[in-house]
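The data blocks that follow each hold one structure.
Both complexes below contain subunit A, partnered by subunit B and then by subunit C.
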Partner chain A sequence: MKLTTTLMASTAMVMAGTSAFADAHMASEMTIVSWGGAYSASQKAAYHDPYSEANGVTIVNDESSAEAVAKLRAMSEAGNVTWDVVDVVAADAIRLCDEGLALEIDFDTQLANGDDGSTASEDFGDLLVSDCFIPQIVYSTTAGYRTDLVGDTPPTSICAMFDLEAYPGMRSLEKRPINNMEWALLCDGVAKADVYDVLETEAGQSQAFAKLDTIKDNVVWWSAGADTPQLLADGEVIMGTTYNGRLFALIEEQNQPVGMLWDAQVFDLDGWIIPTGLSPEREARALDYVKFATDTQRLADQAMYISYGPARASSAPLVGQHATLGIDMAQHMPTDPENAKNTFLYNYEWWADYRDDLDAKFQAWLSQ
Partner chain B sequence: MTDTSNSGPVLAADGRPLKASLNRALRRQKLRAMLLIAPLLIFIMITFVVPIGQMLFRSVENQIVSDVLPRTTQMLVEWDASSGDAPDNTVFAALTKDLMVAVEKKQHTRLGSRLNYETTGVSSLFRKSGRKVDDMGEGYTDQFVALDPTWADPVFWADLMEAPSAADALPQTTDAYNAFASTIISEDEKDPRAEQPWHTVYLSLHQDLTADPAADVSGLPAEVAAAQAVAGGFASEDLAASYIKIDKDWGTVETWQTIQTYSPKFTNGYFLNAVDMQKSPDGAEWRPEDQQIYLTLFVRTMIMSMTITISCILLGYPVAWLLANLPMRQANLLMILVLLPFWTSLLVRTSAWKVLLQQQGVINDIVVWLGLVADDNRLALINNATGTIIAMTHILLPFMILPLYSVMKTIPPAYLRAAKSLGATNWTAFWRVYFPQSVPGIGAGSILVFILSIGYYITPEIVGGTKGVFISNRIAYHISSSLNWGLAAALGAILLAVVLLLYWAYDRIVGIDNVKLGG
Partner chain C sequence: MTTTALKGQTVAPNLMGFTLPVTAAFGAFFGLLAGQATGAGALLGIIVGAAAGAIIAYVLVTMLPYKTGRLTAIAAIGVLGLLIGGMIGLIVGVLSGAALGWCAYWVHTGRYRASMPPYATAGQVLWHNTFKFICGAILFFLIAPIVTIIPLSFNAENFFTFTPEMLSLDPAGFSLKHYRDFFTNDDWLRPLKNSVIIAPFATIISVSLGTLAAIGLSQSHVPFRRAIMAILISPMIVPLIISATGMFFFYSQMGLFMENTFGMSKSLSGYIKVILAHAALGIPFVIITVTATLVGFDHSLTRAAANMGATPTVTFFRVQMPLILPGVISGALFAFITSFDEVVVVLFVGAAAQKTLPWQMFTGLREQISPTILAVATILVIVSILLLTTVELLRRRSERLRGLSPT
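Our next item is the complex of A and B:
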């Protein structure tokens, strides 16, 4: 008799304990999917830890963002979606939204207003590229070069990539048409505004491939973001493209003789989506989390740990110093005016149409 | 003697014919055996055969087009692409009705992605049109409501559609209304009696009333007859023009031809794609040369897998021989060295090869230091086919050594000694006596290594550059990146068929009985 009472009392206490933290209408555990490595660590410090501390929610990290699209589709077909919030790049978010696998978000009602009083849709502005996608960071794909291997005149333009005479040696480019085709055209005399119009035509595509042909034998093609930093560090290539955060780590954290070539950096976005088909409790929890994690202060906090620019305009003035290196982060952001003198904006809509076709042509070109 | 004169069947003790009795006992035995293996059989069926079958089925599956655009695909049957003109307004009306439902169910963008695999631009075509489709046909709604405000009343509509003669008198309207009602109930959980119907319903009503101005509408409310009298005079809306305004691709034959070609529920389109061909109005044709890649990759996968298998035999045979013939202590040590790579992560091993093989890597540094090659002419050992062959031979070597070892272990050393004592040279003794007995091990090892290597994609992706990647890399790309699972399934099915064919050939030439994993 006594045992039962004690048991019941303790159960009641446990229940009271949880409900004191977590709202009864929301799940008390969630799985957040991201890219792993330094990026996940920055999210954990800036978002996960403060959120679970405030709400008593257990957050499980999954590092499957690279296969998120395929896995979400498989989960949805099996009728068992185990992820609550997923970090994906904008192009993947558009694909997921198209497939009906991501929840549509009403930005102004479901996200926090900016600290400066702007609504969420004003604050994110043009970065809201899909109805399902909540932008988190702006990153760029840009080039880095070995300062000791490029001679006396370090490159200042992306076209150095195509200039084998001034900069002989190997370079590394991503093993996909996106970005490379655009740079090839830019360096072949096409105006920035006309790039996609030209690339739409057969002649324009041949022009881009012809330009890439001139350096084809001198290119190492990468498929993982870590490849170019490794190739640069080992002196395998004299210049190469990768994500700006990887180059930041290589230069500032590992002190390698590498310089940033911000010219014609291609802006891209990374952010959150919430899968469709969650139970109401889990969906409410996921929405509550993204509202917290994408407010002005939180987005600015993430920049303390990694050199990616916050997606909200109102976060930019709040960007401070790196948490461990103690250097000012603002000048390492791809969005910093000094770095963003000449930028290129990834055209999502265009690539959603042309990706399948150009990828087939690109792969055929590679294997020739 | 009397038994032989008895011409009847031999009987068992219970009086039944012996033959039947024996058969029965055998059947029972078989059944019992079946029951014993049943758990495993069911397990394999559920976890292996069924999923693979389902995946392969995707290579021909194409329901999405006719499911999302049922009315349009039906109307398109009669459209002739060779006329050179896009279809007329009736097809656009059907498209509007289909799209309206699809947008509510969020299926139109999926269909767009599907058709974009075939024709570039369809993805955004459907995405853009989906945003504007709810305005299509608005002109008809306005004209009906202007004629009589009752037409805007949801309850009037619901009652009208429940009338017994509605389906006969107004077939298209009934169809459009049902689509409207069931969609808003299932998608928005709204009551059709409280919502004004979509413009597509009014559009269909106009179609019904003008198709046969003398149709019998006597069983329906008087408003229908009143509308029937004037509907012919309504300003008609040029839907085709509205769509072409959204995107000029709606006016091209190519877009419609894609929808028409991919209307059937099943398609061979994925398989054609997988062998560098495509569907065209005149049947299958080769893709343009700048898009052909899969046949090259299939051939390359086969040739490189065979090269890897042969290098594994050449490198693994002596090691297995040593393992089988050294004294126990050394053999055990050697065995651990063979197994060690097994216990190391695949990624670690592959990355280690990168460090060794790259141009500024260990091997190149050594040969330059030795003066074998000039510093500015370092060997290209990685990011090409050589890199893939080296790294994969290393990774798959244990799969060759282990079966070889277990077969060699059973060959008595006395045979070799006997051969030599009968006058054979070392070579003859090995080649005529030892080697033939180790062939089953080579067979087993080769099958293992070959089949594993054609499915590898992580290692080729990391060290293969552009000339050392396999067909499996494209399969992985289509599964995880482009989401073109149909094409991935078709490529996988072809790969599976090729392997089965090679297995069959192996059975015919060498004999599958001649494969041993040991003993």
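Our next item is the complex of A and C:
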């Protein structure tokens, strides 16, 4: 008995010793920042749990991505960065990278190669929009409508949003100029290719606001991704925009009478950054984590839990069925050819230049 | 028509000129609410409600005695509600029937001026009753939003919506799943644990320091009393977001110091930071309540105790403390609730490992409008009510024991 105990104890010690040795240069605890809700849950299942199991790392989830830029600035000023890996949208990553708050990544050496043998930079392709940003998913902002409240001819075009005669009732739009201005111009007869050129001019901006004016009294403005699903479930709005994953959950998981309007969906990227100013152990751990979490299989795994498209081209063929519902996820991806028949390309650089100005104009227009 | 025999009431109110219009107006108000709720339109609701009020007033006053009349009104409007709105309509109908019947008799028997002296003019009686109505409305609007969330927390769906099943009181529309979620989901249990760790420690610190400060500041020989008091109370007056920003920078440095000098783990130093920040927020409440109790404290008692040979410490615990205990307890309660409800400072000072319940509710509302938040809110409301009741009962008991009448 005593011998067994001693043996077991020494074995345990040896094992603990080796694992401690192997990880001596990496931190054993990390804080990962994300958006919360179903999205964080999908990351936990696809990335965090397998990673902590394999490496014995404790992962703390902080749901602060919405204020990531402001908080990272404050943390870096206070000299106390408590986050190790942060999930942000591409536009925020670009800002953080410009301000030197995010670590620059050498994609080909610091990330895994694709399962098909391609290098990371080939695999991610055009989605590498910043030197600091490791893309994770492609999501889209798109519209959903109440199938029972839109009459016999369900909308097929985003312009239904501006058509109060055919679809009377309230709609919900995001409380910011991005996407709304573009859609307004598209539905006012501007060609897709010219939208940003027109929006650059004073007259073009007035044109977009004039179009938005026609529905202003019938709009509920949302600021959180959860708002539109709630409003649609309530029947308070007949159609509204939100992230496609929210609509998927509303339709497939909550069985609400809601249809997807993929027309003119706007793609955007979400991914990881690593803050600058971490201790060497923490930085090594963060890099090890993102290498693991953004490999081909892991990105495909995430699509089992939420309908966002994996950012690697090599992951697409591996996308399978939903983990609990057992439905094929490929057809619910924003990147599915059937859904992506008419997409709108969001112009990061354009918005980086015009965002502050248009934000102010938009807020002024809202309060008129 | 019977003449009422109320003191000072010589003339029975005029049915057509007074009782009928008043009850009709009352009915129109109910009709307005019902019309809006059913979607039938405000105008239709007002008309139907006014008609119902007028009919009830006329029938009740001229034909039926009090008890039968009240029951008839309840039954009639109840059936009307059942026909229009089903189960929920029945409940609303019964309630408005009871209210309308009460109104008709209340107006017609002249009881509306029973609490006024006989010489009060019509204007004074009107204002008296309007005033009571306004007070009632204020209480209603204070409590109604809180009451609404309680049934919603039993929603079977994952939205903040009164579903048709809920409105028809179908059992399938209700479920305890959000409560189950709260008690089984780690995302909620960890914040609960954190709140239960942080709030008591913060309370203990703020009560000890706050009580000492209040006693010191109540001594007349302390210099700069007012200035010191103002500084100590400032966390309560300065906008929270400003304190929070300042605390963020202050406690970041302090956290680094604790970690580097004492070798504390990040999680321990995180808890200490949040507890100290919350204690600073709680101290003003303790100071104010204890100072208020000290006003009624007779300082000759401490001198008497000193005369009998008691040291200041013994005097404090044996003489002063028992007498100011009610103030200390209510201060402690405020400090506890401040820490337990606080979201701004903890968002700044805390790290994810110190996430408290309000923080989780805040992110939950932003990211995922889940009725679990309502279930938590309901539980918190009940806990607060129980806590306040307990403290109030304890206070009364201690006052009875000391021979004071409860105030």
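Worth a mention:
The criterion applied here is as follows: the second predicted complex is superposed on the first by the 346 of 368 C-alpha atoms of A that agree within 3 Å, B and C clash if a C-alpha of one lies under 4 Å from a C-alpha of the other, contacts with A are read in each partner's own complex, and residues count from 1 in each chain.
Simple rule for what comes next: a contact is a pair of C-beta atoms (placed from the backbone, for glycine too) under 8 Å apart; a residue touches a chain by one contact, two chains touch by 3 or more.
Since this is a predicted model, take the numbers as computed values, not measurements.
Placing subunit B and subunit C on a common subunit A by superposition gives a clash between them.
By the touch criterion defined above, A:W35 lies against subunit C but remains apart from subunit B after alignment on the C-alpha atoms of chain A.
Shared-chain residue A:L149: touches no atom of subunit B or subunit C.
Contact with both subunit B and subunit C is seen for A:D234 once the two complexes are overlaid on the shared chain.
Touch criterion not met for A:A323: it reaches neither subunit B nor subunit C. In the superposition on chain A, A:W365 makes contact with subunit B only, not with subunit C. Using the contact criterion defined above for the overlaid structures, shared-chain residue A:L164 touches neither subunit B nor subunit C, since it reaches no partner. Contacts of A:A45 after superposition on the shared chain: neither subunit B nor subunit C is touched. Overlaying the two complexes on chain A leaves one subunit C stretch of 2-10, 20-28, 38-46 or 200-208 clashing with subunit B, which is 38-46. In the three-chain superposition model, subunit A touches both subunit B and subunit C at residues 66, 224, 230, 234. Taken in their complex, subunit B has these residues touching subunit A: 106-107, 109-110, 112-113, 116-117, 120-124, 127, 290-293, 296-297, 354-355, 358-361, 383, 461-462, 465-467, 469, 474, 479-484. Note for the complex: subunit C touches subunit A at residues 157-161, 248-249, 252-253, 255-256, 266, 351-353, 355, 363-369.
Contacts from subunit A toward subunit C in the complex involve residues 29, 31, 33, 35-39, 60-64, 66, 74-75, 77-80, 82, 224-227, 229-230, 233-234, 254. Across the complex, subunit B is touched by residues 66-67, 69-70, 73, 95, 97-100, 170, 175, 220-221, 223-224, 230, 234-236, 349, 352-357, 359-361, 363-367 of subunit A.
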